[in-house]
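Okay, got some structures for you below.
Heads up, the next two complexes both have chain A, just with different partners, chain B and then chain C.
For the complex of A and B:
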C-alpha cells in the first residue's frame, strides 16, 4: 500500500471539505431566503462531517487526531484548493462556487468507487449519495437563476468568470499524482476535469450563462502545495479561537 | 426559541362583543370540547389578530435567535461541537420556516412579516438583544434559553389553533435535542479547567436577568388575558412558565457547582413556589422597545440579509407568480 500517496489524496479532499463546509456555515442566518439558509447549513454539515471521516482515515494511517489536524495546523500546512477558502461574498458567488466545486466533488467520489484501496472505495460509495444531493441542489439553482432576471443572469455570469480560474485550481495535480493513477488509487485530476467540464457545460447549456473559453484561462494553482490566499489564515484563526485557548481541555 | 413576554400589549381588532353571537358561541364550544381550529374555519377577528402576532413573534425569535449562536459556529471548539451547533442553529431557522407558514395560514404573507420585523413594528424575544460574548454564553443559550422555550412551547402546543399547535409539537422534539447538546456543553465547562469554569460562571451571571425577563412581566403587571386563556391562545401565564422553568433547572445549575446571582432565590417549601428578586422590568421595557445592547445590530444583520437576497427572490418568482395562502 502506497501510504504516502493515499495520505496525499485524503489530505487534499479532507481540507477542501472542511474549509468549504466552514464557509457554507457562514450563510446560516444570512441567506436570501430561509430555505437557502437551511440548504447551506445541511451542506455545511455534510462537508464538515465528511472531512471528519477523512481525517479519521488519516489518523488510522498515523496522522494526528482529527481535532488536532483540523483545528491546530497553520495555513501553509493545508492542502485545500484556494477556491474553497475565498470569502462567501454575495450569494451569486457562493452559488457558483457551490456548483463548480460540488460538481467536481460528486464526480471525484464517483471515480473513487473504483479505487484499489478498499476503505476509500467503500467510503466513496457512501459519500457519493450526499454529494449527489449537493450537486442536484446546485444544478437546479443555477438553472433557475441562470434563466431568471437580467440581474440574476449578469450576477451569475460575472461570478462565473471570476470563479473559473479558481475552480481549475481544484484539479491541480499533487506530487503523488502519478502514483495515484498507476496504482489505481484514483483516476487522476485530468480525467476528473474532463468529466467536470462535460457536466458544467451541460448544465450551463440549459441557461443563458456562457462558459468562458477554458483554453484561455490560467488556473489559480498552489493550494495543493500549501500556497494560499490571504483569506485562509484568518479563517483558521477564527476556527481555533476557542479550542486554542486550551487544546488539552475537554470542551 | 420563544418566551411569553411580548404577547399581551394592546392589539387592534374587532371587539368580540361585535362578532356574530351564534358563530362565536359555536367557536367557543368547539374550543371547550378540545377541538382544533383550522385555517378555513370561522374565527373571531381578535383570535386571528392575536395568533398572527404571537406566531409571527415566535418565528422572528427563531431567526433572530439564530444570530447570537450562529456567530459561534465558526469558532466552536472541535468537530463534535461544530457539527452539533450547525445542526442546532439550522433547526432554529427551520422552525422559523414552519412558523411563518403557520402564521401565513391566517392571511399574512411571510414577506410582510419580515418587513414588519425589520421596520420594528413586530417584536421578537427580548433575550436575543443581549450579546453572546463567549463560548459559554452560547452554551447557556443552548441549554437554558432553549429549556425556557420548551416550557413555553410545550404549553402552547396544547393551544387551539391547529397549524400552530402541530408546528410546536415538532419544534419541541427538536428543541429537546438542543437542550441535551447545551447541557452537555455546560457540564463540560462547569466541570472543566478553572478557566472554563470561570467562563461558565460569568455566562450564568450575565444571562440570569435576561433569562428571568424571558417569560415576560409578572401576571400582576400583565394586561387582562382571560379571553385568550379561554380561547386557548395562551395556555400558561408568564409566572406559571417561569415557575416551571425555575423548578426544573435551578437545581440542575446548582448541582454543577455554579451559583446564581440572586441572594433571594429559594424554593418556598410551604407554597411550593420559587421566590426571587424581581428583575428590572423597566430595563425589559427599554430593551423591548429598541434600546438594548444588540437591538440595532440584530435588525441590521436581518435587514442586510433581506436586501442582499432580494434579487434572488425576485428571480425565482417568474412573471406570472401569484401569492397563495398556504392551507396548513
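For the complex of A and C:
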C-alpha cells in the first residue's frame, strides 16, 4: 500500500471539504431565500462532517488528530484547491462554485468506489449518496436561473467565466498521480476532469449559459501544493479562533 | 449477571434507545445498529451513521453504552464503521409508521439510486394527499427534506431517501 500517495489524496479531499464547508456556512442568515439559507447550511454541515471522517482516516495512517490537523496548520500546509477558499461573493458566484465544485466532488466519490483501498471505497460509497443531493440541488438552480431573467443569466455567465480557471485548479495532479492510477487507488484527475466536463456541459446545454472555450483557459494551479490566495489565512484564523485562544477548550 | 445476556434481550434493550432528534424511533428501527455480538467478555455493537456529518452520532453511541450499562452489561464496545452502510431502505416498517405519526413523511423505498423524481408527490403525513411539492431537499437536520401539501395547505418534513 502506497501510504504517501493515499495520504496526499485524502488530504486534498479533506481540505477541500473543510474549507468549502466553512465558506458555505457563511451563507447562514444571509441566503437570498430561506430554503437556500438552509441548503447551504446543510451542505456546510455535510462537508465539515465528511472532512472530519477523512481526517480520521489520515489519523489512522499516522497523522495528527483531526482537530489539530483542521485548526492548527498554516495556509501553506493546506492542500485544498484555491477555488474553495475564495470568498462567497454574491449568490451567483457561490451558486456557480457550488455547481462546478460539487459536480467534481460527486464524480470523484463515484470513481473512488472502485478504489483498491477498501476503507476509501466504503467511505466513497457513503459520501456519494450525500453528495448526490448537493449535485441535484446545484443542477436544478443552474437550470432555473440559467433560464431566468436577463440579470440572472448575465450574472451567472460572468461568475462562470471568472470561476472556470479556478475550477480547473481542482484537477491539479498529485506528485504521485501515476502511483494512484497504476495501483488503482484513484482513477486520476484527468479522467475525473473528463467526466466533469461532460456533466457540466450537459447541464449548461439546458440553459442559456455558455461554457467558455476550455482550451483557452489556463488553470489556477498551486493549491494542492500549498500555494494559496490571500483569502485562505484569514479564514483559517477565524476558524481556529477558539482553539488558538484556549487550546484546552472543549466545544 | 453476564450469563443472562442473550441476543433477544440485548435487542429489546436497544429498542429503548431512541434517535435523539426523532424520539419516537429506536436505533434498531432506524437501522443504524448493524451488528450485535455477545461474548463472555460483554457485548460488541456495530453502528453506522445515517449521514457522515450527523452531530447526533456521538450522542447515540453514548446512549447505547449507558443504556446497556444500566441493564447490567458491564463491557459494551461500540464500533462506528461504514462496512455495512445505512440507507433509508433500512428503516423498519415499525420505524416508518412511527415517523409518520411523528409528522415526518417516511422515505420511499428505492432501487439502486435516488433521483429527484422520487421526492416529488411525497404523501403528506397529515392528510395522505399526494398533491404535494418538494420545496427543498434540505431541512432542519441533514436527514430531512421540506415539502408543501397543496391539499391541507401546510409545510411538512420528510425523512429523505438516501
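Quick note on the criterion: the second predicted complex is superposed on the first by the 248 of 251 C-alpha atoms of A that agree within 3 Å, B and C clash if a C-alpha of one lies under 4 Å from a C-alpha of the other, contacts with A are read in each partner's own complex, and residues count from 1 in each chain.
Keep this in mind: a residue touches a chain if its C-beta (ideal position, glycine included) is under 8 Å from a C-beta of that chain, and two chains touch if they have at least 3 such contacts.
Treat the numbers as computed from the prediction; the structure is a model and nothing was measured.
Residue contacts after overlaying the shared chain place A:236 against neither chain B nor chain C.
After overlaying the two complexes on the shared chain, residue contacts for A:122 are found with chain C alone; chain B is out of touch. Once the two complexes are laid over each other on the shared chain, residue contacts for A:38 go to chain B and to chain C alike. In the superposition on chain A, no contact is made by A:57 with either chain B or chain C. After superposition on the shared chain, chain A has more residues touched by B, the comparison being chain B against chain C. Contacts of A:204 after superposition on the shared chain: neither chain B nor chain C is touched.
When the shared chain is aligned, chain B and chain C each come close enough to touch A:49.
Of the two partner chains, chain B is the only one that A:245 touches; chain C does not reach it.
In the overlay built on the shared chain, the residue A:130 is in contact with chain C alone; chain B does not reach it. Look at A:185: by the touch rule set out above, it reaches neither chain B nor chain C. Overlap of the chain B and chain C interfaces on chain A comprises residues 35, 38, 41-42, 45, 48-49, 52. Residues 51-55, 82-83, 85, 87, 113-116, 135-140, 142, 146, 160, 162 of chain C are the ones that touch chain A when the two sit in their complex.
By the touch criterion given at the top, residues 22, 25-26, 28-38, 41-42, 44-45, 48-49, 52, 66-67, 70-71, 90-91, 144-145, 148-149, 151-152, 155, 235, 238-239, 241-243, 245-246, 249-251 of chain A touch chain B in their complex. On the side of chain B, the complex with chain A involves touching residues 63, 66-67, 70, 73-79, 81-83, 86-87, 89-90, 93-94, 96-97, 100, 135, 185, 188-189, 192-193, 195-196, 301, 304-305, 308-316. The part of chain A that touches chain C in the complex is made up of residues 35, 38-39, 41-43, 45-50, 52-53, 119, 122-123, 125-127, 129-130, 132-133, 136-137, 140.
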